[in-house]
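Given below, in the form of structure tokens, are the structures.
Both complexes below contain chain A, partnered by chain B and then by chain C.
== the complex of A and B ==
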């Protein structure tokens, strides 16, 4: 633990002082989290520097999504601290992160509403996000364009389109930290690859934490960690 | 109505027994009224024997008929409740079988909220309807038909004069029932959408927080609630208009009966006892017709709920159709499914029987 040359590290005691002086965009320190009496994470520390891409892999149910939700400020740790862009309160952390979840994380509303989440977004910026997510051509081919309804749980769009809408949503938010929760796990190989290409445009130049149980979804730019027994191990 | 047919097929002996007992209870009711009419005529007859001579016979006859009436009521209520609860259980099991046999693609396309809505609302509506209305309607219908024939035998002319105005009322009920059903269906669609919202709120919780989409979701909730509210108000308004008019029209048969029947009594064409029979029992005929819009709308709504759930109810072919005891079949089914709910079901059935008996006795029209 703690030997990462790329700059992302699990902190050991002898390097703790040095880490405190460095700038991190996301930091988990001695975090413990239990859920329904079961200890999911314990004494977990993770420091992520600006622009770093972190891949966290592990078996299903090992706590990867929980870790991501802690980083997103959606859960509060039992002990330890979570800091994103210097923010510690959930409401402030939410402003700093964009989240792409597994399939079907869509509102039963129009494509426009799913991308903007009800906020005012200039039309040009909206189309820019659609182009970034490789959605623009498909949306233009739809009779109702951006106002096309996606159906309950995205039933009116394909799995790949649903993920691209999520990517466009994240592009629109333009947050410094991107959190990806198995964004291609439910897709077939070809669709998954095309969605990964769109994800590449979303994550370029940003800090990324990507949890997956498919390490092959992570390219060479990722520093990979394995979550096992509630602790992070360098992969 | 395919589901109802299948349910009747599965428990045909119980359904037949319940229907026969309902007919028997109605017959006992007519017997009681006929006895009262005879007593009335006897008391009004010139040169009748003294009360001390009549009273023992009246008391003995009355007690015997009342005992038969009570036994008929008890048995018909018990059989109806038992049959309905078994059918409701069969439907719940059918719903579970549908999901157990569904493929993953079908299940992936399901919304937990909407499925839960179907399970909780529509299935509950159907079970409640089976328990509270199906045999009650059957009983009303049997009473209506038996009374109409009985009155026609007593005085065909008065029966015709008092019933004829009900024919246009029936046509009106048919049309209004269809209208109410269409509005009720629309209302249920909106209700289903609202229940799907819980699914959205739970599954989209991280996105709602991170993307500050509370206002978007609130807008969605408000839109859905408003749609449902508007549809409900529209349905209630239309139902109130149509049903109040039918209530007004339903007085026509009674007015005709009082006018023509009174005149016939004065003219000596019918006895006071027969007139009493008509006034007392005309409720079985006109009351049934008066309740027709509500009964019909309820039945249509029941049919619509059944139609929606029809593809989601999987019954085991050949199960229970061999003429074996229904309770034993049910127990066997539970064992096959690996469930241990026989005892609890038994308690529920008994409770339903008691409630139903109390409610119907209180509301019986004589």
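== the complex of A and C ==
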């Protein structure tokens, strides 16, 4: 095919044969998805190899977040299949991914609960995650430390701190596949840069799918695709 | 009985004062008082009519003048019809007024919240705002129009006063016997039940607000909950707030049950004392059977008024806490 398109119909037969024999950590095959009668994604395929960093860019409302939710097993496709780390059922896919979202996805609980999500995490591992997310110094400066309440929808912490807590949560989970949904787009430039540094520590050595409408947020290590008209084009 | 200091209710806080402030704010004070007063005489008038009917019927029977009974019954029927027509008219006016007042109150609250700065809005949890806009505003409306609240309390006061006067006129001795049971009942009810209600209600409203706040993330953060398997943590948080809501409500139910027990004990005690006293008075020829029946009827009406007043007081104190919270929002 002349243009490098990831629509399944455009993938050459021999490449498809090769895909089936290769090992992928995340795979979307012939996926179609509609939302409220509107076709958002159609015949979309994406294969992500271990450790690969995929950046997906596109205009607001083009379906980037939908694509990420399909990969996370949060939506089920109308047709086609989604597979992450060999798992196809939503409950099993959830265990394989960590998600950092654009909006403040904090629970109205303590920093500790937001990072551990109620699971037993040794104190050393918890602090390691905090250091990885550049949170440790700030947490140490708080009178209640890790037990500080973040407030409703994170109202007691700044946007940057909220994103770092999400990153620490993802670090703590130690999932093989990291899904990033515009993690810095709501932050100012300086905060965004420091959060990106923390994200760098989270994504190092892991498979990453990062959706954003700011291509500059993606470094050279990313294979960039553009989502347009419900199809993926090599960017 | 002292109220827990943590719940923020100080002795001397007065639900009537808060309600007056709210009504004044809404600019509806005079109309509300007028409608209340128009509504108030119904139960008292009905009690007097019923007692007079019983007395007249038994007097006729005692005098062997059964031919006078139809006239008495027809007069009673006509008076009842007139009274119910009057009451229906006043109630319909009152209900329309209360519905308008509720809409105006919600509008005023929303308007006030929209005018607040972000910092003020964020200072309270979302559940707190929702509770104040929802159940607190509804409680203020309840206080204005609901059963066993201000309208019934006013009716009950009037009914009790009128019945007490009638009982005193019928037999001062029987009136004394009746009040001998009523006074300790009122004092004990105040100390054992009513005093604790505002504190418990405040705790309950706070727990309800926390519960509402805790439920929100289960829906809004559903994605993160699934991915990070945080359902257990969030549900545990909900359950914790639910338990404190249940504990506060249970405390109020316990007080309610205690109040019910006091009512039965003192009601039955008073009834037996009245029976005994009435029998003695009839035996000594001081009173006829029709007079004793009249006094029993009047006492029944007086107690109905008192029990209504007691129940209304409990609801008023509970709803007064909500009115105070509504005023807090309007004061911001």
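The criterion applied here is as follows: the second predicted complex is superposed on the first by the 221 of 235 C-alpha atoms of A that agree within 3 Å, B and C clash if a C-alpha of one lies under 4 Å from a C-alpha of the other, contacts with A are read in each partner's own complex, and residues count from 1 in each chain.
Heads up, the rule we're going with is that a contact is a pair of C-beta atoms (placed from the backbone, for glycine too) under 8 Å apart; a residue touches a chain by one contact, two chains touch by 3 or more.
This one's a predicted model, so the numbers in the text were calculated from it and none came from an experiment.
Undergrad: Looking at the overlay on chain A, is there a clash between chain B and chain C, or do the two fit?
TA: Once both complexes are aligned on chain A, chain B and chain C clash.
Undergrad: With both complexes overlaid on chain A, does A:69 touch chain B (first), chain C (second), both or neither?
TA: In the superposed model, A:69 contacts both chain B and chain C.
Undergrad: By the touch definition at the top of the document, which applies to A:105: first (chain B), second (chain C), both, or neither?
TA: So A:105 meets both chain B and chain C here.
Undergrad: Go through chain A and flag every residue that touches chain B in one model and chain C in the other.
TA: 69, 72-74, 90, 94-95, 97-99, 101, 105-109, 113, 117-119, 152-153, 155, 169, 173.
Undergrad: Within their complex, state which residues of chain B touch chain A.
TA: 109, 111, 114, 196, 199-200, 203-207, 209-213, 215-217, 219-220
Undergrad: Which of the residues in chain C come into contact with chain A in the complex?
TA: My answer: residues 122, 125-126, 213-214, 216-217, 220-221, 223-224, 226-230, 232-234, 236-237.
Undergrad: Which residues of chain A touch chain C in the complex?
TA: Interface residues on chain A, with respect to chain C: 69, 72-74, 90, 94-95, 97-99, 101, 105-109, 113, 117-119, 151-153, 155, 169, 173.
Undergrad: Which residues of chain A touch chain B in the complex?
TA: 69, 72-74, 90, 94-95, 97-99, 101, 104-109, 113, 117-119, 152-153, 155, 169, 173
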